[in-house]
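Letters A, B, C and D mark the chains in the order given here, with residues in each chain numbered from 1 onward.
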């Protein structure tokens, strides 16, 4: 199903490190190509409600192979995907979830981060994705 | 897990008393630091639908350690946390839920009130929180 | 819907007192004639998993107007109500839930207790029911 | 909320190491005192269905502060807790979940393991718990 545990842990550690640099307490989740959880951490004193949100962000990003914030732009009142959040047992469509590209195209998983501003959530997720980017790309 | 039953009952009784003063019929819930229910009352003739709302308000306030209304300000269409209510089995993000500060920092629980206007819900919740405030603070 | 908050609190306090006498830490729930929660307490150090069980016992007892243990006798493999626990969002059919008789027949609610042996759960629930029994009955 | 992320990761790594020694592919979950997830890994090629089971085992162990297999002994047909699995959104009551003792009494969390025989699930969980045992105990 794509991402390995070792890869997921590499992404998780890079995201964790970024959160420490930003001085924020995050929930960080990595799912595989099947949108099933592979690795997760909740930092001390992170918001309890962000646990579920981080997992839902990771799933949402892989469900549609795009950053969660991009979906949120389409799910507003009057938008083409209005209230898509009701599907799949609950989506989260604000920033913080990013799909993880596969080595040979497509996506091998996604990362979801929740615990601070959506800007910081997204930055921490991005650090996780970048840790898996191929050197000579 | 933070708040004791005795403390929760102190908050519940103060909130109940405030509801009687305001002549409103409330559902009042207190959760602990783990967002699990510790004490609950539903006043006679209170809206039945407010039972679940009061518990969800208490949980929501502890999930993010802020008054529920503050989250509602961010979850509006176009806002940064649009439709966050789909997480955690359902959040309630209008006023009436308030986290309860711990004796040594952090939060030991939260109170959620539902049954009348959101202003009255919030006022009743606040009475519960204040009953646990330290005298010499 | 039957039981008043004052009556529910009378039952709750009597059950709480019985739990203290037995030196056990209980979750205690009272529901009304509509099987909706009216009052609840979780004693300090009570099992967290018993929170949901105590509420489900109270609901189950009112759903069928009999002690939960009586239903459990019918829901065993080969029994007439085998696996009835799958209904109503989950029933609990071992002892600890007892319906509360109304003043003019029928039932005005139920009490559910969880946190120790099923014998003690039942004894604490019974103390709650008896506190509401009419003197000259 | 009991266990820290650092402690949870210590338990997770020890359990992971034990799984490698036993040559089994496991899902391993650690929850805090509030039964909320703190850290999780799914080893490559581990059963996908064991993801949810590992988390439910960890929650179940903390819900009742005993190994999950002990509850399973009581929830059999004819047993005192028959079908308790219907509570709390689904319990898992066969071996593989163990509560983690706190430093000053009580429990600070629990670990749940799923992916192989229940004997191996339990052994891997136990390795996680032992990694947090105090040296001079």
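Quick notes
As a convention for this text, contacts are C-beta pairs under 8 Å (C-beta built on N, C-alpha and C of every residue); 3 or more make two chains touch, one makes a residue touch a chain.
Owing to the predicted nature of the structure, the values given are computational and were not obtained by experimental measurement.
By number of C-beta pairs in contact, A-B leads when B-C and A-B are compared.
Distance between chain A and chain C, defined via averaged C-alpha coordinates, is recorded as 43 Å. Per-chain CA centroids place chain B at a distance of 26 Å from chain C. Rounded to a whole number, the gap between the C-alpha centres of chain A and chain B is 30 angstrom. Chain B has residues 34-36 in contact with two or more other chains.
Under the stated contact rule, the graph of chain-to-chain touches falls outside the line, ring, star and complete shapes. The full set of touching chain pairs reads A-B, A-D, B-C, B-D, C-D. Residue ranges of chain A in contact with chain B, taken from their complex: 45, 47-50, 52-53, 56, 72, 75-77, 83, 85-86, 90-95, 117-118. The part of chain B that touches chain C in the complex is made up of residues 4-5, 8-9, 34, 36-44, 48, 51. Within the complex formed with chain D, the residues of chain B that make contact are 1, 32-36. Residues 34-35, 60, 62-65, 77-78, 80-84, 86-89, 91, 106 of chain B are the ones touching chain A in the complex.
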